[in-house]
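By written order: A, B, C and D. Residues from 1 in each chain.
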Amino acid sequence: MEVDTLPTSSKTMLNKFLSVRGLTEELCSPLLAEDYVVQPIADVSPPKWHLGHTTWFFEEFILSKQKKYKRFNDSFAFVFNSYYESVGEKIIRTNRGNLTRPVTSKVYEYRAYVNEHMFKLFNSSQLNEFEYLIEIGLNHEQQHQELLQMDIKYILGNNPLFPSYRQNPIEQTPESEDKSFLNIKEGVYTIGHSTDSFCYDNELNNHKTYIQNFEISNTLITNEEWIEFINDGGYKNFIHWHSEGWTWVNENKITAPLYWHKINNQWQNYTLSGLKPVNKKAPVNHISYYEAYAFAEWKKMRLPTEFEWEVASNKFTWGKAWEWTQSAYLPYPGFKKADGALGEYNGKFMVNQMVLRGASIATPKNHSRNTYRNFFHPHLRWMYSGLRLVK
Amino acid sequence: MEVDTLPTSSKTMLNKFLSVRGLTEELCSPLLAEDYVVQPIADVSPPKWHLGHTTWFFEEFILSKQKKYKRFNDSFAFVFNSYYESVGEKIIRTNRGNLTRPVTSKVYEYRAYVNEHMFKLFNSSQLNEFEYLIEIGLNHEQQHQELLQMDIKYILGNNPLFPSYRQNPIEQTPESEDKSFLNIKEGVYTIGHSTDSFCYDNELNNHKTYIQNFEISNTLITNEEWIEFINDGGYKNFIHWHSEGWTWVNENKITAPLYWHKINNQWQNYTLSGLKPVNKKAPVNHISYYEAYAFAEWKKMRLPTEFEWEVASNKFTWGKAWEWTQSAYLPYPGFKKADGALGEYNGKFMVNQMVLRGASIATPKNHSRNTYRNFFHPHLRWMYSGLRLVK
Amino acid sequence: MEVDTLPTSSKTMLNKFLSVRGLTEELCSPLLAEDYVVQPIADVSPPKWHLGHTTWFFEEFILSKQKKYKRFNDSFAFVFNSYYESVGEKIIRTNRGNLTRPVTSKVYEYRAYVNEHMFKLFNSSQLNEFEYLIEIGLNHEQQHQELLQMDIKYILGNNPLFPSYRQNPIEQTPESEDKSFLNIKEGVYTIGHSTDSFCYDNELNNHKTYIQNFEISNTLITNEEWIEFINDGGYKNFIHWHSEGWTWVNENKITAPLYWHKINNQWQNYTLSGLKPVNKKAPVNHISYYEAYAFAEWKKMRLPTEFEWEVASNKFTWGKAWEWTQSAYLPYPGFKKADGALGEYNGKFMVNQMVLRGASIATPKNHSRNTYRNFFHPHLRWMYSGLRLVK
Amino acid sequence: MEVDTLPTSSKTMLNKFLSVRGLTEELCSPLLAEDYVVQPIADVSPPKWHLGHTTWFFEEFILSKQKKYKRFNDSFAFVFNSYYESVGEKIIRTNRGNLTRPVTSKVYEYRAYVNEHMFKLFNSSQLNEFEYLIEIGLNHEQQHQELLQMDIKYILGNNPLFPSYRQNPIEQTPESEDKSFLNIKEGVYTIGHSTDSFCYDNELNNHKTYIQNFEISNTLITNEEWIEFINDGGYKNFIHWHSEGWTWVNENKITAPLYWHKINNQWQNYTLSGLKPVNKKAPVNHISYYEAYAFAEWKKMRLPTEFEWEVASNKFTWGKAWEWTQSAYLPYPGFKKADGALGEYNGKFMVNQMVLRGASIATPKNHSRNTYRNFFHPHLRWMYSGLRLVK
């Protein structure tokens, strides 16, 4: 490929393409062949599937629009489609972990094949018309990079041998000890993405909102504070919980964050470096919305709304864990879905989910901004999720 | 009871008490003995249970606080508690329909017994300290009057004999034909209850909010418009639906509003007067949030937020059907739960539910106001629920 | 009706008809209106349904075959069919308890109407051709009389008020104290119904079978022996149980027979006369096959086969409780299904069920014989079931 | 290892050990790394698990009884125990397919390690006392060789790419065209294992049974006959089915044997050599007991009992498919469980299952005899199961 002859903007995009596509494979490099295949719960996808699905996205929405392009394998569209109803049949989600074929090496071939055809596109006059879709495809793959790390952790962390994925337990970075509450004044504020840079449709429109006075903590809740909650019977007293949260706690016998194990009377947690004693100074991680809410009730405080969070976000450090807000995932005023299959990206999930703001240790660099709206169902906690309080 | 000697405010409250308690029994008067007992789905409670539960509320929160009061039957607290975790054990919800004892006549005796002791309270010096709780108890019973009518309709409407409950099919009142969209200007508006009169905790605090320009219909969507949606394949095209809505439609084989039956190629619906041809001019009723959303998408419009609804509500007629909004049920700024068991009234349900505004043909008189926040899970539709659009 | 003019055989049958039909209503006479309606688990049917279903049987298989007969209500065939696939649509079993209409008084009218038309038949020349079907209909109703008593016990016995159904707790009749084992010699024996009298198709053909030497107890296992099993950890040691039995015990947290409650450290059980201390000398009752098997294993003995039981049955007293055998419910050599809907009576249930022999305190007089094959799934225990051991 | 110095009987056993252990690995040799890991349904185990579990059996019941033996890895006992409740904790069955570690290469190391220690035992004076357990261990591994082939077929056959496992589609061997019914005379016959050679506990005691006259087909039902059944609406007419079979057909939308696909109006089936047109002359395979029974009913014949089958078995050829009998899996007279964990081998499964007799194309050589009792639940059909009729 003759990179030198490319115009600067194409070069920039190509470099981004190379970097994002490369990182996905780098994240998989510590895996053994067996780790690529399984799906222990419906929410978790096999790493092999992420490798294929992010590749299929470029094939389906970009390459296949070009007359001469020949798909790598016609059946892959079926195997690697995730939830796009507009684009033909798809494997039902709970079946992904039963597919031993195509094998992983074949999926890597698929990646190379699609990359190669993308390189041709970068060199062609057609690049312009696909720029926006490439941008989407790369952001999409970055989202899957975080999912990949969540899923790998779930697969290894639920194995009785607790295998290690990497040396450095980055989940254990301590939170600042210099704790205080920041005061934000009542008034009309502007919310949502406002620059020319890339954002998802759910960050638009940029719009005015009215916010009351509030005070927000400059630090995340730590494991130490969470242990106090546990020791004070937090998981055993319905008074702190939503009615559905209380049912969830009892049906699933929840007594601590995900990955925590009490061994010889000490709290250990599974990190990507294996089982380690819980670091009390690190932010609590892997909690559900139900737990975040119950903790806030116990503290007689509350979670911020996503608007409060966005308004205050430039006054504190964020990025160690996604932060639950008390905002439901709903459309902004003037929200518009894209036409066609890409319109299925966000809008159809805007019910029964809660917004998380910020970013986590698993979020790729260059994939975070203070208008980004992440969202999960209130009972889920395999993502890197923590909380910050408001009073 | 010597009513004449009561001070005026006590008399007013007593009259309200007599009127509310009487209406509950009046609503049950068309029922046959068998109708009082069953619970065809978990959401529906047996009429006998409503009669007992609304009575238990006065016994538990008012009468039992008085030293001399002797409970009618100690086991009733167990049988008729609904969801108050603070107040001892309770029958699990799905079991209510298996309890043939206490029989209905015994429950009516229970009502008379509690009424009698309440009369004594009205005559006593203690009335003052219980006034607020009586107000709550009466509002609580009015809520159950609407539930009672929903549940009776479900019980009779799912019987293959389609029995009639009353003469007049009030569901069939036509909507005005004079349709238009009302324009509301952008700006800061005040939302929530602001007068001295009774309201629930979830209507507070009264607070400012910023609203963008919008246009809202002065009429509800009619059955005629809904039939167009059906005929245009609305239930068969995923593009209009939330992802979870689409799953719901398919798993439950939904093809029309609840209680609709296509007989000899004509749409009939079960009304409280039995099976009747669908009145095309009447507002559509008994639809889920998923359906309301899909309809709005199909129309290329949207549902109002609950704030938009409240701001515009004095400009149109409402009250024929609860109106789905696109707002999730969340706390207002400054929301405070009451202490003790009454604190369980609203706050613990503020997750996974959507707000409906307005009132319906089954809402008791004097129990509606434009700040009232009703709420249900997005898949439910046995309540009298319709929709109004915004563009 | 002019009974005097009837021929003797018709009179005998008429008397049986009157007696059987009357007993069903007598069994219901202690019930209150509410008790007739509910269905707390899928296996239990509402008493109202039994009243209607046994009546429908005569209407469907006898009266409706006569040209002039006009059905009482056309929709009843739908409501009261149980499982006969040949005879049109039916209410699904789990829905029986949601039908408040037809009300019980209407079902009693239905019974009277069908009885009246049956009386006409007894007086007519057609009687002959229907004699066999009437015999079946009466035996069918007798089977439902036992089910009725099982279902009533379940409905009342799972009510927190433990209401009484009748004065005399017949479940508590003590077993003889004169315990011994009877010796039966090896050889070829004949099994199955062999006389002209009525039997079900599953008791045929009468056929030879080879039986090895065995010794069978002359008494049933008593509550006292069962308490020893409990106290020895019988419910907590997998070694005694089938693999599926062990799963059943753990998933359902089974620790004692159905209807037993440990109150103030004493075993009480619900009888049709209310809650009573367990009578240690009475036979154990309301146990599943899994429990019967586990008990036998614990005793280092075994259950008899149904053939052993039949061969030995004239040497001991039976009739207090149905006795689990270790025989699966399978066809006898030469088994033939009847033509038409009556062919659905027995054959289609011959899989996954175990045979019980004998009779119980709830079995109608004149409805027991030592060739009778009762059958239930191995986890069920709301019938009057006990056990006798073999070594 | 000095084989030459071994006594003859030890050499024979060693050779058998080498041959059986080798075959398991040979059966896995066509698999790719990913195929070893998954568990698409609870009944199917990952090939990796079979490799480990059959090895664990020798470690647990033989090697670990020797003082000096050091386990390969202490956690493997937990990972590879199947259902032996006596031997500590075990991984729940539905979780086997989520374990990516230990990886397959580690499991092969485990096999080598255990083999090596077994070789030492063959050379030692202790061999005598373990001979019976080795025999059991080898038979156990042979059983798993058949399960392995069933599970591999399920894993590959439910993959949308239909990968091939081996060249020769042995499922397609035609049945003889020379069809006739063999006549067996009424009388007392002896059933069960009677020689000194190895058998399972469930084949004992050898005992007398009485058998009526019957005629049994010398051939298995073919695919051609099964297609007639399908074309005659066999799957759509309840009259042929058990009540529970009919529910199974409808809930699972069963319309043909497992692995059959109608493509361009022609029946194809997945074989271990990939998707092939159904061979009409080959015996039907992969049917449930419910289907076998329904087919027999449709033919107005029946399945043999397991006793009839055993008595007639030397008069026809068998071994292409396991043959459903109409016998439930129950203990023979005098059946005794072994002491300790091996007592869990068979007895605890003797409820809710049906007996199959014969052997299949997947049964290892030297692992079939006409007294062998195979058993499965009536709805299962991933084994190589067919049927033979009796009239």
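A few notes on this one:
Rule of thumb we're sticking to: a residue touches a chain if its C-beta (ideal position, glycine included) is under 8 Å from a C-beta of that chain, and two chains touch if they have at least 3 such contacts.
Model, not experiment: these values are computed from the prediction.
Between subunit A and subunit C, the least number of touching-chain steps is 2. The two sequence copies subunit C and subunit D touch through a face in which the numbers common to both exceed half of the numbers used overall. Between subunit C and subunit D the centroid-to-centroid distance comes to 38 Å (mean Cα coordinates, whole Å). Remark: subunit B and subunit D have CA centroids separated by 58 Å (rounded to whole angstrom). Taking the mean of the C-alpha atoms as each chain's centre, subunit B and subunit C sit 45 Å apart. The set of subunit B residues that touch two or more partner chains is empty. Taken in their complex, subunit B has these residues touching subunit C: 32-40, 48, 75, 78-79, 91, 95, 97-104, 155-156, 158-161, 163. Of all the residues in subunit A, the ones that touch subunit B in their complex are 83, 85-86, 188, 207-210, 212, 238-239, 241-246, 289-290, 293, 302, 326-328, 330-331, 333-334, 343, 348-352, 354, 378.
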